[in-house]
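Read through the structure below, which is laid out as structure tokens, and then see the notes.
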Amino acid sequence: MKYTEINVLKDIELINPIFIEALPGLGHVGKLAADHMIDELGAVKFAEIYSPSFPPQVFVGDEGIIEDMINELYYIKDLGEDNLDLILLVGNTQGLSPEAQYSMCKDILEFLEQYEISSIYTLGGLATGHPIESPKIYGAATCKENIEKLEELDIIIRSNDGGIVGASGLFLGIGKRMGLEGSCLMGETSGYFIDAEAAETMLIKLTELLKFEINTEKLDEKAKEIREMLEKAQKMESELMNRSSPDGDDLRYIG
Amino acid sequence: MKYTEINVLKDIELINPIFIEALPGLGHVGKLAADHMIDELGAVKFAEIYSPSFPPQVFVGDEGIIEDMINELYYIKDLGEDNLDLILLVGNTQGLSPEAQYSMCKDILEFLEQYEISSIYTLGGLATGHPIESPKIYGAATCKENIEKLEELDIIIRSNDGGIVGASGLFLGIGKRMGLEGSCLMGETSGYFIDAEAAETMLIKLTELLKFEINTEKLDEKAKEIREMLEKAQKMESELMNRSSPDGDDLRYIG
Amino acid sequence: MKYTEINVLKDIELINPIFIEALPGLGHVGKLAADHMIDELGAVKFAEIYSPSFPPQVFVGDEGIIEDMINELYYIKDLGEDNLDLILLVGNTQGLSPEAQYSMCKDILEFLEQYEISSIYTLGGLATGHPIESPKIYGAATCKENIEKLEELDIIIRSNDGGIVGASGLFLGIGKRMGLEGSCLMGETSGYFIDAEAAETMLIKLTELLKFEINTEKLDEKAKEIREMLEKAQKMESELMNRSSPDGDDLRYIG
Amino acid sequence: MKYTEINVLKDIELINPIFIEALPGLGHVGKLAADHMIDELGAVKFAEIYSPSFPPQVFVGDEGIIEDMINELYYIKDLGEDNLDLILLVGNTQGLSPEAQYSMCKDILEFLEQYEISSIYTLGGLATGHPIESPKIYGAATCKENIEKLEELDIIIRSNDGGIVGASGLFLGIGKRMGLEGSCLMGETSGYFIDAEAAETMLIKLTELLKFEINTEKLDEKAKEIREMLEKAQKMESELMNRSSPDGDDLRYIG
């Protein structure tokens, strides 16, 4: 069984599409942004990707129907004022081993050569480990020109500052070696839950970069839902704390 | 050394057999059910399967004779009122790495293509982490028709509810991609010991699904044995507790 | 780089040799016994074996000269009253991954086919986790005839009793599938240190099985050295304990 | 994707160069020494090496430009009074798996065969786990002649003393099997931070061994910087300790 199995569902013709990687990562920031683009902009799936390095399992989905571990390629044509063609890479997992990460990334970029992609954007999260009031968007890129474009939109440039782990890093690195320029957007997130707010903030930056419009209402609603869920959880926790103390005092500050 | 070595022991002819996967997993629920079917229904072994991804060890079996880590294929002909042919996959282990899990599953399904199997059942456990009074049977499937069949027998359908890890999940997922429909039965189990009670409950559901009869007395005895063993262990534990306190009080609530 | 690289140093002719596996394992019981046989009986090295699954390191040996991670094959001709030929597999490591364990074992047995080996003995340890007064020797085998031979020499037969992990188990299992019979001797050991006493006891059983004589004086000395070292260590520990208490009492029973 | 991808940037001619391995390891002792040689002696990069067993990530470098995980080969011609040619292997990572370590090491040595290298030096650290006043340099080698050369320069020879893990060990081991002699220098380091002082001490020994001169001022400055940083960190820690006690006592000796 080869590392990467790419099943093409549909022959498509695109004009120098931009390739956007948005596999699940920290806070699912990139994934949420790209899934929202697919829904709102009517992106069409044209390929399915499997790897024996995905977690060896299936998910139980809606009404008991099982879902494979999978990566998928979607396309969008004539987007925004520059009539851009896009290819989006989304999915419910990344490869587990370093070798799989490298091989899948290379295999997918080689598969995409036929579409003559013009550049790469990778969408990820930057975990802070503490709650974020209003998430900032950070950037890095393969070349100075891209860094300047990111700076123009007030994206904060990370410098000599750790790594970008997984697909969001490797697609830039291996892309560069194959002659492709690229940029990475990273949405600030606590990293503790699925972060629709960071995804929305990142998506808005992406609309400015690629000059297209998108209704972010549903992402906004999701962000509100998650916020309410977290607040409920915190309230329940503090009520439980009070209940365990006979006179209602919060024991956290005593014992 | 290839991932999957399949040694055919016997040429057989079957009419669109149903394939049942019952490798060891949570509570050994599926394995116990299938081993009981093999014993009671006189299933015949026709292939042995080895993988370099099995645990690198042998077991010491009866009277010191060593036993390989192995997967085995058995068949049963003309079972029940629908005269079904069955193929059962059993064994004492699963592959250790994700790659081995995917490869073995694919290799076995490709090997089975010659028998033109009609559908797949995978038998697993669903661990709750706490003791179970009377185990329920849960289900998931590759298509709506199968879900309906499971619901008719009061099997509880999991929905948007985690994953099915290992062979029980992958045989459905990879099977679906090869054009095969399938269902997974999951017996509720604490997950802390070999669970013959969950296996018996699951086997009874399977007899209803596939319309055959089987004597479950031995499985029932095994369930009783395990129950008695657990009760003895609990009693011993509580006696030890009492003995360590000079006046017979249970110290668990003091120190 | 292939899994197993076997470099033959010397062409040899042997008459249906017995193959003895004694790679390092629990308490190094098998390794110590085989290394002693090599020294005392003047065994000759005829092949070196390397694997990319050995630990990625070298040892610093005598006077700073580095030593590879290696497995080695030695032979002995015309041993004992039955004029037996032997092949011994020794080394300073085993492969790290399950796949390497299986592949190396198979590659070595296939390499040995040219010598037409008659049977396999694997020498290992059986860890108890507590100190052993006088180590017993346990056995398991691929067939009933071998079990009977072991029982005649008062070797205790393990039955339905866990596994034999690593080379000592796999050489029997894969050997059996290749048509070779074999036995495993396991020397009881605490498992906490290199156990020359268990090795000596095992070696004496092996001399009875294969009917040869060997001077075990050096192994006996090594066992004494290790015993003295352990006693010193215990004494130092208890002195340190006393010193830390101002009045010389052993604090272990107070605090 | 093959294990080792070696991209040659420049055809070079060297006369029996000495090969120096200095990939990142304990305290980055070897890496700092070799990076300093490259800067000070104007070494020229002639090949880039990639592996799918590198960590699956990129670094964010100067001004947001991403940097691949990479190994690199540099050369220096006509160095010192013996007009030595050198090849240096440096990088920001080593392969993650044992198999990758072995394969990369072998692939690189086979690639280097065309340059007819005369000997191997590997530069590493020897971690003590506690602060080092003035780091000593330890050595090991593939042969007695090399050990004598190291002893002449008061390099301390390790003997029967553990292992050399990773590239610094394997290049010697595999090199020896390919007919190459080699030596390993190990700079004593706490192992807790990047150790420019150990690197400087090691570099001075290397100048004596290979008879060349080098300005170590920058390495000296780096060592001072690191020392000051550590002292600041310790001071801050002890101030924090005092502040947490209302009357300024250091609580570490009470509670």
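A, B, C and D label the chains in the order they appear, each numbered from 1.
Note that in this section a contact is a pair of C-beta atoms (placed from the backbone, for glycine too) under 8 Å apart; a residue touches a chain by one contact, two chains touch by 3 or more.
Everything quoted here is computed from the prediction, not taken from an experiment.
The set of chains touching chain C and also touching chain D is empty.
Each chain's centre was taken as the mean of its CA atoms, and the one lying most distant from chain B is D.
Where chain A touches chain D, under half of the residue numbers in use are shared by the two copies, so each contributes mostly different positions.
Each chain gets one centre point, the mean of its Cα atoms, and the points for chain B and chain D are 52 Å apart. Inter-chain spacing, taken between the CA centroids of chain B and chain C, is 37 Å.
In chain D, no position touches at least two other chains.
Taken as a graph of touching chains, this assembly forms a single closed ring in which every chain touches exactly two others. The set of touching chain pairs reads A-B, A-D, B-C, C-D, using the touch definition from the header. Those residues of chain A lying in contact with chain D across their complex are 3, 98-99, 101-103, 106, 139-144, 147, 150, 157-166, 169-170, 172-173, 176-177, 184.
Listing the residues of chain C that touch chain D in their complex gives 1, 50, 52-66, 68-69, 96-97.
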